[in-house]
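Below are two complexes that have subunit A in common, paired first with subunit B and then with subunit C.
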Partner chain A sequence: MEEDEFFGEKTFQHYCAEFIKHSQQIGDGWEWRTSKDCSDGYMCKIHFQIKNGTVVSHPGTSAHVQTCLLMEEALELPLDDSEVTEAAAATEVIKYEYHVLYSCSYQVPVLYFRASFLDGRPLSLKDIWEGVHECYKMRLQQGPWDTITQQEHPILGQPFFVLHPCKTNEFMTPVLKNSRKINRNVNYITSWLSIVGPVVGLNLPLSYARAASQNE
Partner chain B sequence: MAEEPEAALPLPASGAADGEGPADVSPGTATPEPPSSAAVSPGTEEPAGDTKKKIDILLKAVGDTPIMKTKKWAVERTRTIQGLIDFIKKFLKLVASEQLFIYVNQSFAPSPDQEVGTLYECFGSDGKLVLHYCKSQAWG
Partner chain C sequence: MRQEDISEIWFEHEGTPLKWHYPIGLLFDLLASSSALPWNITVHFKGFPEKDLLHCPSKDTIEAHFMSCVKEADALKHKSQVINEMQKKDHKQLWMGLHNDRFDQFWAINRKLMEYPAEESGFRYIPFRIYQTTTERPFIQKLFRPVATDGQLHTLGDLLKEVCPSVIAPEDGERKNQVMIHGIEPMLETPLQWLSEHLSYPDNFLHISIIPQPTD
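On to the complex of A and B.
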């Protein structure tokens, strides 16, 4: 490795903890979960989205709306199913689940995700690809199997879609190098997730950017 | 020393929404020609303040990414990050399938539909918004 600090599991957990701290401050819904029999853990977030892309907003979330331009996601306040169904009416509601795990083999974080309709029907890979943001579609079409694949979740053992991690070091290194030049503290997880998240519909509110640079 | 001229960023024809709806950029609306007269062009200084429709952006290259000859741009507040990315890619003549990322605070990539005006409010200083851009493969 170069001068970059070794991104081991402990470092991963540290950055996740910082990330979740901020998530809690703004009610962004990320949680830390551990599996019962080992100390491995991961971050998890669930959000609901109306399939036709209609904006869904909830009272009490104006602060979040200001920092987050495109409110495609329904913030995950404790909705009960009937409330969601009412909002859905003639449209479909999709439940997205995002997990951030540590990959020992690549030594980087990896984004796992899955999506299903409220009745439990999972979205197909084709549906997922259709949901990828316009600006990434070209690249995705060129190498779909290199980009999003389906794999077994290392901890839960269930099928999830995964954003392939093999290039993570490539795009993270210039960013880290650059900010280290000016001694800016960077939360690896925040930077990384801000880059890969939008590909699969996960957008981080801007306040994460400020929080990351404030952490000493 | 002559100051680098501020250049105008061609604005796509689609209307800019106020925070709702899909991104204001649709593929193919931006012209591939180098920016010339376009709808947005402050040759002179505009009064600072909330009424200013355009904001000043300073673009800085990261890593091996080519450096743009013109680094200072005046951009409509409603221009999205995706729009800016498309513009820079065309300006640098990048292949459409190459990824370009834009960062605020040198470390955070705003989502593609984020408007630069909002970013300016949050991260701008000294009358401008500094954005770093970096070319790379993100996956695969």
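On to the complex of A and C.
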């Protein structure tokens, strides 16, 4: 089977491995998951956010420990009558799940994500949309191919939200061209994720970029 | 039922929620091919299975999904050149032709998606998805060329051998599975390029079902 055209699956896996190496160093929570009946896999990260917008994260801890710490914080709130409503509002914790998969059709990475409350209730597209920063909304609404839609996750078969991949080459080509010009090493995944991630609430610490330029 | 109790409609067959974004023929082949027609399915107005099914709030969702598949198929066949060269009205005509069951209207546009350069023997890659109910993964989709390096046309058998070898590995000479497209079993010697041009679904994909041999 043909590989490594512009950005083949092996190249994708290589950049993901480098990315995860750094994630482990700073405790950013990214993991690699493989599909049971195939050699392919994807990167996965879970983070929690209190609905009023404060991202709670505890660098250096696993996702499991993060959940426990979060619940502790949430439960510490006093529950006497006058404060019950406040407590309820403050304990609206949302679990965000981000998956980075490879699309062999477009030969680019694709960002899948979903969000749910801790009791399992999923967030709707409308809720997700509310979480998108104003400055990205206009751009997303311009083209049907630049928007967020619900799609079936190709490995898990469950509904996820997706940023359509067909324009990825368009914005990645200048990034890669420029890095070649100034002779600097770039991790495709790091660059790509730093562009698409913030649109859906996923931010990358700057140390990823420094790590990428140090790699051979 | 009271109006206020009715929420999103969904369909189910023997406990399995039916994915509306799959072609109906594919669903039938995969889940009920041994049933007599008409196929009896259950309609639900409550309890939408959020974890299993995509939401379908309007007809526009179906159109967007269909066009997304067509676009992906063309990315594989022609690096998206043919679909991108078309005008919006051509995309609309493709959808309306399908929606209104107008064969000539549909094929006026679709025939362009079935062409390939004179100097080639076929498409760049063949758009296909292989479905099995026995795996967790919803389908298998990989890059696969219609022509071998020596110029020989790849067959359906070649494809299966490459992407899911367990399907036709004859352990005792007897095949355990049926390989079905549109309710029929094409000969494994059939060239894949021919199948792609003539037996694709309206979304330009070959949706192939692997089902256990019926025991009668």
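Keep in mind that, in the parts below, the second predicted complex is superposed on the first by the 168 of 216 C-alpha atoms of A that agree within 3 Å, B and C clash if a C-alpha of one lies under 4 Å from a C-alpha of the other, contacts with A are read in each partner's own complex, and residues count from 1 in each chain.
The rule is simple: contacts are C-beta pairs under 8 Å (C-beta built on N, C-alpha and C of every residue); 3 or more make two chains touch, one makes a residue touch a chain.
Computed from a predicted model, the values in this text were never measured in an experiment.
Once subunit A is used to superpose the two complexes, subunit B occupies space next to subunit C without a clash. Judged by the touch definition given at the top, the superposed model places A:E152 against subunit C, while subunit B stays out of reach.
More residues of subunit A are touched by B (comparison of subunit B with subunit C). By the touch criterion defined above, A:C166 reaches both subunit B and subunit C.
Of the two partner chains, subunit C is the only one touched by A:K36; subunit B is not. When both complexes are overlaid on chain A, the residue A:I182 reaches subunit B alone and has no touch with subunit C.
Legend: residue contacts after superposition of the two complexes on their common chain; A:L125 is shown touching subunit C, with no touch to subunit B. Legend: residue contacts after superposition of the two complexes on their common chain; A:V199 is shown touching subunit B, with no touch to subunit C.
Closest C-alpha contact of subunit B with subunit C, superposed model: 11 Å.
Shared contact residues of subunit A, touching subunit B in one structure and subunit C in the other: 164, 166. Those residues of subunit B lying in contact with subunit A across their complex are 19-23, 27, 62-65, 80, 82, 85-86, 96-99, 101, 103-115, 118-119, 122-123, 132, 134, 136-140. On the side of subunit A, the complex with subunit B involves touching residues 53, 55, 65, 67-71, 133-136, 138-139, 142-143, 146-147, 163-168, 170-171, 173-175, 177-179, 182, 184, 186-187, 190-191, 194-199, 203-204, 206, 208-210, 212-213.
Residues 19, 21, 50-55, 64-65, 67-68, 71-72, 75-76, 80, 125, 127, 135-145, 162 of subunit C are the ones that touch subunit A when the two sit in their complex. Within the complex formed with subunit C, the residues of subunit A that make contact are 1-2, 35-38, 104-106, 122, 124-125, 144-145, 149-159, 164, 166.
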